[in-house]
Amino acid sequence: MATAVDARPSSAAPASKPRDGFRVFVALVATLVPLVLVVIVLTLVQQAWPAITHFGVGFLWASDWNPVTDTFGALPGIFGTIATSFLALALALPVGVAVAVVLAEPGHTNIRGVIGTGIELLAAIPSVVYGIWALYVLAPWTYEHIGVPVNTRLPTVGLFSDPAERGLFTAGLVLAVMVLPTLTAISRDVIRAVPRGLKENSVALGATWWETTWKVILPSARAGIFGATILALGRALGETIAVTMVIGNAYVIPHSVFQPAYTLSAIIANEFTEATGTLYPAALVLLGLVLILVTLVVNIVALLLVRSTSREARLTA
Amino acid sequence: MSRNLRRRYASWTSLVVMYVLTVLALVPLGLVLWFTVAKGLPSVIHPQFFFNSELPPCEPKCPAVSNAGVGHAIVGTGIIVGIASLIAIPIGVLGGIFLAEYRIARWSNWVRLASDVLVGTPSIAIGLFAYAFLVVPFHHFSAYSGSVALAVLMLPIVARTTEGAVSLIPNGLRESGLALGLPRWRVSLQLILPAAAPGVITGALLAVARAAGETAPLLFTAFGAHILEWDPGMPMQALPLTVYKYALLPYKSLQAQAWGAALVLIVMVLAINLVSRYVLRRQIALAGQL
Amino acid sequence: MPRLTFERELASLREALVRMGTLVESQIEAALDALRRRDGAAAEKVRTQDQYLNELFRQMREQVFMVISTQQPVARDLRYLMGLQYIATELERMGDYAVRIARMTGTLVGLPERPLRAEFGLMGELAIGQVHDILEAIIDQNEPRAREVAGRDNEIDRLYHRVFEDLVKEMGNGHSDPDDALRDVTLLLVAHNLERISDRVTNVAEDIVFLESGQVVELG
Amino acid sequence: MADVRPWSDEPAAVSRPELLAVQGAGVTKLKVEDLSFFYGKFKALNDVSFEIPEKRITAIIGPSGCGKSTLLRVFNRMYDLVPNSHAEGKVMLDSENVVTTRKLLELRQRVGMVFQRPSPFPMSIRDNIAFAPRLLGWKDKRIKTAVEESLERAALLDEVKDRLGDPATSLSGGQQQRLAIARCIAVSPEVILMDEPCSALDPVATLKIEDLMATLTHDFTIVIVTHNMQQAARVSDFTAFMLMNPGGRYGELIEFAATADIFNQPQDPRTEAYITGRFG
Amino acid sequence: MPRLTFERELASLREALVRMGTLVESQIEAALDALRRRDGAAAEKVRTQDQYLNELFRQMREQVFMVISTQQPVARDLRYLMGLQYIATELERMGDYAVRIARMTGTLVGLPERPLRAEFGLMGELAIGQVHDILEAIIDQNEPRAREVAGRDNEIDRLYHRVFEDLVKEMGNGHSDPDDALRDVTLLLVAHNLERISDRVTNVAEDIVFLESGQVVELG
Amino acid sequence: MADVRPWSDEPAAVSRPELLAVQGAGVTKLKVEDLSFFYGKFKALNDVSFEIPEKRITAIIGPSGCGKSTLLRVFNRMYDLVPNSHAEGKVMLDSENVVTTRKLLELRQRVGMVFQRPSPFPMSIRDNIAFAPRLLGWKDKRIKTAVEESLERAALLDEVKDRLGDPATSLSGGQQQRLAIARCIAVSPEVILMDEPCSALDPVATLKIEDLMATLTHDFTIVIVTHNMQQAARVSDFTAFMLMNPGGRYGELIEFAATADIFNQPQDPRTEAYITGRFG
């Protein structure tokens, strides 16, 4: 709507704004953040350089991993990372949105406060604690109560065959628990940011609670919830320790969700301190680099989505 | 009429389903807390648990691991996280002020994006970076390198929560200050920052809690140690390392030790979290009044 | 479709004003008719009818009051409202003059009959014509017409001068008995009141100019 | 010399005929009887009783916190969204007691509401209006007619008829509010509640809405809560003045009368103090 | 301290009204004085002074207008403002009557001298007294006082009746020459105008009752 | 028979003396000359010129988006907070050109501002007012005097004198706004800019602020931007009416005159259309 008006060079108003020294100072300090990011990437590139020059792009779809012969490929790691993450999201998304809807409801602030606190504490628990819990409690339980029964009932479906204690499914499950708070917190905020007026209007038009939620509130929050999902995906992709402890550490592309696998971060965590030579650690760093680039892209997409929603919410307000 | 009845019924059903899902979401929290307490408490109540002078109760084929308590890990976590905080909090707060006060400046958008990306960066990668940056040149692991890794982790959290807290302060406060003829830096540091203080503190506490629970960045930096170490230039044990390493060993006594360490860790982190939530509530209440 | 309620109120006020104007016109007519026909009953009717006019005026003033307090008019709108009220005040006064003429008719009826001077008929016609035409000017919001109508009062003035001079001459001829004197004085006052009505028309014309243009002028 | 009369004016003796039509109160649409309202333990309204006439505009005015919005929200049970609140007393909508009815959806179809913020739903202009009709399961054809008719009655059709598919958020503030009105009248309510419908609009858009309200009284009973006394004076036929009780801390009805009377001859000195700006 | 600006405007209007009232009083006084002293120049001065009164009235009307459009008064406030304006209208009319009396004095000066009837002095005093007292009632916002002042017009009415009868009798005694007739008619009109002033006072009293209580009454 | 005169009224012939004091424009405090304003490439104001008289209240009115707030923010250079914005032309505050001055802090001490939201600082009532004086390095005694004096002048002292140590946020909305005014006058500005100071307040608090403004003109020049035409009419001595140019898309000054003239005899038909509610 702003028609461009020929902006004459401000000869009439000579540089009249005094310099803001404070601004320059805090801006410089703040610049450390992007600087660190750049330095991280550059350092990793430098460390991974031998591997990059040695393997090239083929590294991404090679699936061998043999330190003895110095043959390294990222595919099983990439697969494991993506598989566990999507599994986690598939499990967490419906629950997360439901919790967010419940939390965003007004009233019963005490109960909702407790639920909300609970969900946030879920995020506060250190990943290594999830790891030890998943290793000793969750993994045996899923094996016994999910892996085996499912396999017995659906023996012909390969996807559910050969259950093991540690594997993709257990890792996905623990990841789901770990990303649930991210998903819930952002979704709740996005749903809360939906102008109250929308809900009131819908109710005043004679819509039921569910019709209001499903047809008015969730569509308004759609982009934001999607953004939250992607952000959760980013978290899941980068999660290391808990997954490392329950994934089973098998550098293969498993044929069943109950089979052991490996993720990029788990390989690094497990093998980096023992890696010797030039190519081996460089390959591990390269895995890290791949991981960082994937999460970078995913995160940026998610951030743009979340931001556009909050802007939209402001417009609708 | 029956249509409206149907609509009402559908609405009621979906409401119930949502509440059921909510309860389901809280189950893991209960389980984690329950098992950590149940399995960790026996170790923790042992008088020597916090002092690494004696081995825990141990079955016959216990390996000769000296100083298997967690005292050195607690001290280590304190030192590592402390140094990380000293680095990250001042920078983060100033950066956050920049982000909030100069929200519309183009550069702040880049800084904001970088912070968000940094928050989402896998911690293992940050560990790798710290390793390459500080361990390789000095040729040995050190608490310093762990602190730097944790600081990198904390920095964006502090910056973004500071920004959030400062942004909660209504713009009117800023404009009112400036309109009184006060210079920008006074308004930001002497008016806005004090008003946002609870929120800023919350951010710092959350960052500390997060850093205290991190394992991955310490694997190749602080590395871990079996003895009490006060020199940050040397490898140092930390609680998450204890949990991670002992949990994966096949010895029951060390696994018990890991559970105990997990309990200590969880209590610490949750305590910080609850405190920060209290502080945050004050901030929100205050901002609501302004 | 701006300010519907306000416009509706204005229309209703304008209508009430026209009703008042029409009544005033017929009151003057009736009073002069009663004078001409020496009809005491008709004159009395003019007096009772005036209560009706007064009530119309009171209600109109009240409605103006109501419109101002609820619609908060400013500038042209307020001027228009106040103008309507000013005009209503003048109309109410004209009605009073008609009543006075009717009262005087009552006096004349009790006195020996004499032929009425032609000037009275002329003045009456002129005055009624002025009132009628100024009403049209109000309805049409026709400012030039209003000015024109106001300009006609010279003719009535001239007639009034003549009647006045003649009557004084007659009273001063030394032959008057008390009845003659009372009749002459009464007729003189009738002429005076007719002339006053014409003056009021001039005031109304000024008010029309005011409500249309916001200018305060003095006409006539 | 019979009748010497100095023609002085004499006082009127006849009784005054009522010449200009006095606005009648007409049929009562909503009858409020001894209504009290509680937020938890806080009493927001105390014993409010008055009758809202059909096909007239009734304004509720009063200072902040006097409970006027609360009162409005009793009429369509919007307060059900607020936990721990409850009403006592009666609000009769024809023969149905609004306070106790369990047919909430039906009530809200009969009593529509327009809010301070227009809040267009995140869908097209057409779908915004079709929203409620669709929930009611109307036939497509009927919906189509309803959409056009409501837009027409809300004086919005001309401005949007070529872009019914555009998102409703693309409309200006004033248009959005008229859309909200159209959305509300699409299901043909009997009563329209308006909660400060113009307080987010500029004067120009405000006057448009006010004119629209005047035309809507042909078909609807309108109850409007407004902060703006002048607006109440301009648009309404009847005005209820409410005040916070200084001691007991609850809102109560001070005076209810024809708007012209409230603004010319208020009966209660508090009403007079408020409307002349000499309050508090 | 409610509505300072509005109260200031009201005070200023009240002051302007009192100024008008004082001027009207002195105009009537001056006109009667000129009549008594047969002073043509003094009578002429009354006529020029009236322009000043008219101007005061015009400005007051304008200020009322301004206050209504900027302060949006309602209820008591609006009534008060409108009441002030109604009173100003009446005062302006009283001024006109004073001018007419002065004009008539001009006529009388050109005629042979005759002693002025005592009634004129009495009527004048009464009228001036009424105007003065009604002004006080305005200033004090004293409604009972206003009603009392309005009640006094019976006395003036009585005097007017007497003067009227005497003059008609005189004119009808059969000895009048044109000068006598003109003088008598003129004096009759002077009495008429004094009586009118008293009527106006009654109107003012009604307006005072209105602006104080909002009630429309008819007094006198 | 010399002088037969039917005593009809004759028209006035004398010239009219000015009896009631006409409000003089007085000394000019702020002289706006050919002021244009740009947000980036968007021209928000075009060639605005008028003179704001000293110790008078000047109101700026106009529909949303006409640039009235922008204009106000030029007067104390608050627009410096908006990147890429710049002003052209002159705004003379006495002999200083506001647009080009580099002494920003001094300018803002001379030209105070009160905003739509009162924004009490999160500290005690006393400290709110003492905040700026303290940072300016005033002596304690002077500060103490300034606090009391400003509270007194802002008509707030009586209400708060027993609780100067209470947090400012404990005050009501109207009190907070008066506190904002007190805070602003504590540093003795010459001009006070008010940007919709009452739009967040209820009618009662609004009238209090309006009365306060009337008393403040003894010492200060006040410029107020308001959405509420009636408010401008009530409080101001002079009124500037602004409008968005329909073609060129920028705000411009349509008319500037004494408030009484604007609301009785506006010269421009657009002004008349706006104030009588027949605009757009």
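Lettered A, B, C, D, E and F in written order, each chain numbered from 1.
As a convention for this text, contacts are C-beta pairs under 8 Å (C-beta built on N, C-alpha and C of every residue); 3 or more make two chains touch, one makes a residue touch a chain.
Keep in mind it's a predicted model, so treat the numbers as computed, not measured.
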| item | value |
| --- | --- |
| Each chain counted as touching chain B and chain C at once | D, F |
| Path length in the contact graph (chain A to chain E, fewest steps) | 2 |
| Maximum centroid distance from chain D, chain identifier (CA atoms) | B |
| Same vs different contact residues, chain D with chain F, by half of numbers used | same |
| Approximate Å spacing (C-alpha centroids) for the pair chain B, chain D | 53 |
| Gap in Å, rounded to a whole number, between the CA centres of chain B and chain A | 17 |
| Whole-Å gap separating chain D and chain F, where each centre is the average of the chain's CA atoms | 34 |
| Multi-partner residues of chain C (at least 2 other chains) | 2-3, 6, 58, 62, 65, 69-70, 72-75, 78-79, 168-169, 172, 178-179, 182, 189, 192 |
| For chain A, residues contacting two or more additional chains | 208, 211 |
| In chain D, residues with contacts to at least two other chains | 1, 4, 9, 12, 105-106, 135-136, 207, 230, 233, 263-264, 277, 279 |
| Of chain E, residues touching chain C in the complex | 58, 62, 65, 68-70, 72-75, 78-79, 82, 89, 167-182, 184-185, 188-189, 192, 216 |
| In the complex with chain E, residue positions of chain F that touch it | 1-5, 7, 9, 12-14, 16-17, 19-20, 155, 207, 210-211, 214-215, 230, 233-235, 259-260, 263-264 |
| Residues of chain A that touch chain B when the two form their complex | 20-23, 25-27, 29-34, 36-37, 39-40, 43-44, 46-47, 94-96, 98-99, 101-103, 115, 117-122, 124-133, 135-137, 177, 180, 184, 208-211, 213-214, 231, 234-235, 237-241, 245, 265, 268-269, 272-273, 284-285, 288-289, 291-292, 295-296, 298-300, 303 |
| List of chain B residues in touch with chain D within their complex | 3-4, 7-8 |
| Chain D partner contacts - residues on chain E that touch it in the complex | 2-3, 6, 72-79, 157, 160-161, 164-165, 168-169, 172, 192, 195, 199, 214, 218-220 |
